[in-house]
């Protein structure tokens, strides 16, 4: 009896597996398009952004929930940085793990590899990018009340940092969700010394002290990836604090009910309910009178 | 037309004591109970499945629950009209009508608060109204005034009832549950001069106080609409409009109740044709007043025909709601005015029919205040399923609404079964004072 | 699909730097320990766990890697209800909708519905075909919640279930809402919807703790509406409708910074409104909306009903 149950279980298991296997075989995996990008701001640890897209129809669509393995220089256990899973916009990111910092510091050229392996829905995929280390020197100068932003793009060559000419660079003011062009132009091209500059004449609000963040960045450069340098400076208009939220208004929360709306209704409530309690007291007086009558 | 001078105090007491249900009474009560149970079942479905069982959707987000609520609030004004205003004005013939109108007020205002909870998407969060109450919201004002009005109305019912309780205790089977109830409510009432004095004082205080409170519940209820921007509601006239409508429906309700109790309890000697005649005149006056406010509410915006108002007004005058609108105006206001202007029209039977027209018309009038406005938003109704653009209640909504109306009638019926619907003591006292004279 | 750096401009990506900037300009909402920014700022390097997992390489080799590195990045901790009700200090969110670019593609609506589990019948974003009068030009008008500065809906709420935040957003606390629907009657823009039925949700969403910043999970018997996606802003990203629009109709930003962006363009808010004669809907009602419109002049597309929705 026991044996029968055992063997039937095995048969069931085999059946299940074959069904599953055949189902898996039938399913055709689609192809992913993976994008890998390198970002570094100032001297922070760089961040790797991956995005995954697929093309089921005519258009590319973002793919959510794809685990992308990221490697530093080599696709080995030593090079494994971690795994980034794409969000609903098909984007995932990973900052360079601290254990690679020394390695990264000592190198001038490096490679990043992104792979997708063993995914149920998609074919294996690999993308790599090579990055040349670069630097942006940012200087904010004020002479005779003329404010100038100077940025210099440098790369390490033959033992020293040298300017990189003919590079497109953006000069910007950082805002909450995006960067606003700080000069007249959207892009500036570096000169022979690797320098670009623009006058800064924006009258733009900063924080309460007038601080703003000004920066220079190169985006999606073939060699350098994306790099940005930023500095904080008091070139903004100080923001006047707005206390309208703390006012007692009709739309405020209950702890900020307008005073008149507290005084008058409560006066009325007190007056009316005071009388109601007096009426109840009158009922009690009638009861007491009645009880006294009874005892007489 | 005059009350028989020979009528004795004992006879009055025997006449007015609550009587056991006859066959009609049993059938009537059973029907009401069945309707309540159907309403409860429908509410059970609403509780388990959500407001999706109603026909309300994002545009018509308020439906007949709200219009029924407004109706209940409106009809409850009658308590203060008959009892307080007539009392202060010393209207002699009011006595047999006071208790009728006061119990109507108590039962309808009670069901107004029940129906507003039925309308809530999250009735189990009712306590939030007290935990997180926000005085800026007109809903809070409504909660406050309705609670106050309910309490005052119960007191207003109770003080005069005290005087009738000795007769009730005396005439009920000793040891019965009924007698225990009467004893609990008023065994302490000995009718001493001191007790009378206090009771008299209390009644005067309530009479004065209940009038502003009653006006407040109608005004505040109208503000639930008038504090929004919507066409048809955005009116500075709304408080007065609602109060006048409430007076009318309340008076109509009293006409009906007078007729029914007179027939059912054989009270012809107490609720006389003179009462119908007087109440009929009052209904004419109130209907004219309400008609006046209606002309204001519709003619003035229609004269200007602002863009936002256009859809709403045309819907009422010539569109989807026109049949209901004109029927309500004609049958609920104009016809009662015409009929009740004639002395023959103020005889009990026709007056009763006019009362029904007024009350039913008033119910649909509330529907016409709520629904057409909800279906006239500023931005056009768009990008929703077809069913979202119309509103006609589902059976669940009808059952709950009818159940609530039946519930209010049930309370009145049970009250009349337990207590004298015409005050015994006051009637005797009045008869003794004015023995020879006609009313 | 546009390239990513355009949707989320470079430099916003490293969150820590965004945070530095935020702190600097006095933004980060009162540095409590629950603050998501500081919590995210503490994000440390992953500690190896010692346990290994086998991983297949693209060449078919097996790589053994430390398990710790497979863990997904730490989620931003959820912030408290009190903090959500206060909003983000120092911000005044504002939206500009450019009517000259809208062609009724409804991408905004799709993205919004997807992100907030909105049912098709109850769109938070509606794109109205508008025509003021018989001989005036028709145009498409997308509407979100106007997040009014004098919000009629908030005024009438009896229990503080809908509230105005200091960053200008009008939020809803579905755990507080009693479902009286007064706010729906009060809103002149018909922007609010009610969960008449039990919302159809994936099980994992149903179990989530409610947040008024994501308006998720929607709850039966309560009111919902556009929330301006403050959760996205906290992540340094744009609201879903803004990033979904291929024509850049929606601009979003902080009025205090005087800058709005649609993802690819970043412009001064004051310049945009001045140069393009921006206006707000139903100004005469005095609701003071936070959503501005740019008139449908010099339109990029002819008025055609491309989404095949019946006109209402």
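Letters A, B and C mark the chains in the order given here, with residues in each chain numbered from 1 onward.
Just so it is clear, a residue touches a chain if its C-beta (ideal position, glycine included) is under 8 Å from a C-beta of that chain, and two chains touch if they have at least 3 such contacts.
Just so you know, these numbers come straight off a predicted model, no measurement behind them.
Asks: Looking at which chains touch which, would you call it a line, ring, star, complete or other?
Replies: complete
Asks: Which pair wins on C-beta contacts, A-B or B-C?
Replies: Of A-B and B-C, it is B-C that has more C-beta pairs in contact.
Asks: Could you tell me the distance, in whole angstrom, between the mean C-alpha positions of chain A and chain C?
Replies: 14
Asks: So how far apart, in whole Å, are chain A and chain B when each is placed at the average of its C-alpha atoms?
Replies: 60
Asks: Would you kindly tell me how far, in whole Å, the mean C-alpha position of chain C lies from that of chain B?
Replies: 47
Asks: Which chain A residues sit where two or more other chains touch them?
Replies: 250-254
Asks: Two or more other chains touching the same residue: where does that happen in chain C?
Replies: Chain C, residues with two or more chain partners: 155, 160.
Asks: Specify, in ascending order, the residues of chain B that touch 2 or more different other chains.
Replies: 132-134, 136
Asks: Inside the complex, what are the residues of chain B that reach chain C?
Replies: Going through chain B, the ones touching chain C are 49-52, 54, 56-59, 61-62, 119-122, 125-126, 128-129, 131-134, 136-140, 143, 224-225, 227-230, 374, 377-385, 388-389.
Asks: If you look only at chain C, which of its residues touch chain A in the complex?
Replies: Interface residues on the chain C side: 1, 4-5, 7, 9-14, 16-17, 21-22, 24-27, 43-46, 48, 55-59, 63-66, 69-70, 72-73, 85, 90-92, 114-115, 149-151, 154-155, 160, 163-166, 233, 236-238, 243, 252-254, 256-259, 261, 263, 266-268.
Asks: List the residues on chain B that touch chain A in their complex, please.
Replies: Result: residues 132-136, 141, 144, 148, 151-152, 155, 158-159, 162, 187-190, 192, 194-195, 198-199, 201-202, 205-206, 209, 213 of chain B touch chain A.
Asks: Inside the complex, what are the residues of chain C that reach chain B?
Replies: 121-123, 126-129, 143, 152, 155-161, 176-182, 184-186, 188-190, 192-198, 220-223, 282, 285, 309, 311-312
Asks: For the complex, give me every residue of chain A touching chain B.
Replies: My answer: residues 250-254, 257-258, 261-262, 265, 269, 272-273, 275-276, 278-280, 282-283, 285-287, 289-291, 293-294.
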